[in-house]
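Everything on this sheet refers to the single structure shown next.
A, B, C and D label the chains in the order they appear, each numbered from 1.
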Amino acid sequence: MDSEESKQTAQAGDLALLVGRDRKTFVLKLQPGVEIHTHRGIVSHDALIGMPWGHQLISHTGYPYSFFRPSTDDLVRDIKRTTQIVYPKDAGYILMKMGIAAGSQVIEAGSGSGGLTIIFARAVGSHGRVYSYDVREEVQTLARQNVEKLGLEGIVDFKLRDIKEGFDERGVDALFLDVHSPWYYLRQAHEALVGGGFLGCILPTMNQVIRLCEGLTKLDFGYVEVEELLLRSYKVVPARMRPMDRMIAHTGYLIFARALVPVKSK
Amino acid sequence: MDSEESKQTAQAGDLALLVGRDRKTFVLKLQPGVEIHTHRGIVSHDALIGMPWGHQLISHTGYPYSFFRPSTDDLVRDIKRTTQIVYPKDAGYILMKMGIAAGSQVIEAGSGSGGLTIIFARAVGSHGRVYSYDVREEVQTLARQNVEKLGLEGIVDFKLRDIKEGFDERGVDALFLDVHSPWYYLRQAHEALVGGGFLGCILPTMNQVIRLCEGLTKLDFGYVEVEELLLRSYKVVPARMRPMDRMIAHTGYLIFARALVPVKSK
Amino acid sequence: MDSEESKQTAQAGDLALLVGRDRKTFVLKLQPGVEIHTHRGIVSHDALIGMPWGHQLISHTGYPYSFFRPSTDDLVRDIKRTTQIVYPKDAGYILMKMGIAAGSQVIEAGSGSGGLTIIFARAVGSHGRVYSYDVREEVQTLARQNVEKLGLEGIVDFKLRDIKEGFDERGVDALFLDVHSPWYYLRQAHEALVGGGFLGCILPTMNQVIRLCEGLTKLDFGYVEVEELLLRSYKVVPARMRPMDRMIAHTGYLIFARALVPVKSK
Amino acid sequence: MDSEESKQTAQAGDLALLVGRDRKTFVLKLQPGVEIHTHRGIVSHDALIGMPWGHQLISHTGYPYSFFRPSTDDLVRDIKRTTQIVYPKDAGYILMKMGIAAGSQVIEAGSGSGGLTIIFARAVGSHGRVYSYDVREEVQTLARQNVEKLGLEGIVDFKLRDIKEGFDERGVDALFLDVHSPWYYLRQAHEALVGGGFLGCILPTMNQVIRLCEGLTKLDFGYVEVEELLLRSYKVVPARMRPMDRMIAHTGYLIFARALVPVKSK
């Protein structure tokens, strides 16, 4: 089997996605000898290994599943979580605004359920690095398990730490504070960021945004932006195109700023 | 100079961003001996090489500039363009929904001014690959120059071709059609995509969306989604937080679908 | 009892609104000797007649209700309905854009459940007039009952008629087509409207909007506008102000146009 | 001339609207012997009196104008103003939510340029009443002139007064505070409102909304709602339907509440 062919068929160790006709999804890491038990019947991993991506398969009860490589969005939606996951609309915008791409060095705090950790890890790839801080041990353990399940543990350093005590790293490209009261950690964030590096936050209430902006203007942060994204989805019926009846009206306010280096008087 | 220090100061060959107090920006590739002539005075690259990122500098007329590493957004906004550039809100969501990250293989058509090409190239990094098709030679030349200016030419293959004749690649992870009438190229796109791979489009009018959705449902595409993102920005005055008075109301409808592999009857 | 006092207390014949702590509402027309049986206990109309507006009262099971004069919105939300009711955000904008106010002459088709009929009737008052057409007898009967329940029957003429055959009136100020395919009735609408009079429509799909706009540009309508309103509500907790998590993303596209009188060549 | 005919042609004393091909508009009160000088030529009122509504007319330089009866929106947009005018989307919603219709008694403060005064006056008609308070004499004079120009002075009482001293009226149906710091006047507003009557406010910043909501929850107001309306307009080209490129992103937050009457312990 040549390499192009192998790319088009599933291999042991690959992450795979099953999507049922009811849109219920299952993410698996393919392993010889393993079976997955869905609510619609059993599917053997051995039947999936070697199968071309995009094919349909049939469970032992006759129920059809589409067989896909998962997107980042698919993976994040699937993880076990105890906290709210950052939505793809917000995550994608965070990557763009904070310049996070292949090779970047990124700090996040807290680890949450690992959703954003995974997004950052896939974005920075093996040439980059993600440092994920949390003070709650059981939270970070879950994040770590989710990261390991996707084989991304080589890219992420988890650190169990109260970030009041500061970050170990210096000169990182981007630092994302996904915590309730980010205004308490701005000095620590500034120390860890490269000059001009990007700070990002997501906050649910305007009261928090006000307090954060007060803090940012007191410290050496500039180019502060407060934004929010509204996602509108359409019903896909070509003869009757119209927006969905309901939408998510609010996920969070996004705040971005750059760490400035004050000019020293000579 | 050790490597951590070198990371925090600008090196010859680095991309750099100058931001004036009037928010006017300049992207430069630092080269010894070169000068940049701004509307506010001359800045010598030699003065910038070795300067720590995030510092302020002063032009020969005394005008202050912030000195940053550019984000993807900064770079794309700066390029010479003859076409509308995809907005960061849309670009980030496209990356997330189409699973484009470090290592991905991506086709785009057309090349446009290279804005999306640059976003894809920075997202896939040196382990991935971007194939950018266009039938208009002068358009692609501009895109190529923009890509080269950022040193990303090692990641992108430009192909001068009418995509009616199909794409050379097979098994790519994602294919983005940024053309006026994408419904004419769906068969060709399906051939190039890995089974289950992601098709993406951006279209300004609902008439085009209707026509594309009709085409997608006739061919072997599934999981079709039509969405749009609205970005709302706030004035950053902590004592008077309010949205900006005006916003961009429409950039384009985003359409995503996955290439299905039909089940052959035995 | 003088007239100012009588205005501040409920009188027999008044419309009244009860709102429970669970926000469940009841609209009543106060009549001596009548009782209302709520899920939280019985309330006697006699106890309400003479009670000052805005007071709290207690059902026989001890459940508290607020006692209000209903707003138009309260009344419309309460009516028996078989069809979608026009939302207040859309109804208010329709009144403003079509110049419907005290004294206006307005046609609507169809009658629907009478929600918009009631809004129009309350807006035009006793000096104005609403003509409400529908071809479905049982639909119009319900609309009529809803209008009568609010004592607005003196303002509304119901007409059981297929509007393909045209409207009886001439020179009306505004005409609202709340039907599936308004493009079939544009000639008839033009005949009924005063020169420069306002046509209004609400349509759920963009395919319908496209077809209507094609029709309007062929006939003598001008100043065509297509708009939609998005209503965003906030959670009212002063220490944690944020938008509600979910919102209604689409009620309908609103289309407005004015009837033009072509210049005759002499 | 019978009455139906007279309704369809312009009479001396009528308000009229001229709309040029460039969408520039002129509101006039038709008076024999008067001429209007537009940037495109002179139009004599005598030529307009007796002309059917909706016709086109030609200025002495040959420029065509449409001749319409103005909507409330047309009138309000035309008034001389020194302050921001409430937008139709907000004004219509305020009417609906506050139950303002033919016959209502309404207080507003301040008078502003009279835009909302006009909207309220047209909504309540000759059976209703609007009380408009302002402490700034020159502001109220302008509002009064705008109201008089439209012949609505019989419906509106202007009062030059600092509302800290309270309102004269009692038992009004609705009270709209269009002032910078409405939280200072909540006690006065409660005194003037009928029990259960509607308070409305419009405020540009979230800091003001927070402060108002704190005040409302301390006093006897209930059923507090904070909302905002986003208006999206489409380009009306049937073959290329799409939203306008830009929109107004923020006019103001709307706050509604009802005056409660506390239950006295017996």
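Here is the rule we use: a residue touches a chain if its C-beta (ideal position, glycine included) is under 8 Å from a C-beta of that chain, and two chains touch if they have at least 3 such contacts.
Predicted model only: the values in this text are computed from it and were never measured.
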| item | value |
| --- | --- |
| Interchain contact steps from subunit B to subunit C (minimum; 1 if touching) | 1 |
| Same or different contact residues where subunit D meets its copy subunit C, judged by the half mark | same |
| Length of the line joining the C-alpha centres of subunit A and subunit C, rounded to whole Å | 46 |
| Distance from subunit B to subunit A - Cα centre to Cα centre, in angstrom | 20 |
| Junction residues of subunit A - those touching two or more other chains | 206-207, 210, 232-233, 241 |
| Topology of the chain contact graph, where touching chains are joined (line, ring, star, complete, other) | complete |
| Subunit D contact footprint on subunit B (complex, rising order) | 204-207, 232-233, 239-250 |
| Parts of subunit A lying in touch with subunit B, wherever the complex brings them together | 4, 7-8, 17, 19, 52-56, 64, 66-74, 88-89, 91-99, 101-103, 119, 122-128, 170-171, 173, 194-198, 206, 209-211, 213-214, 217, 222-234, 236, 238, 241, 253, 258-261, 263 |
| Residue numbers on subunit A that touch subunit D, as the complex places them | 206-207, 210 |
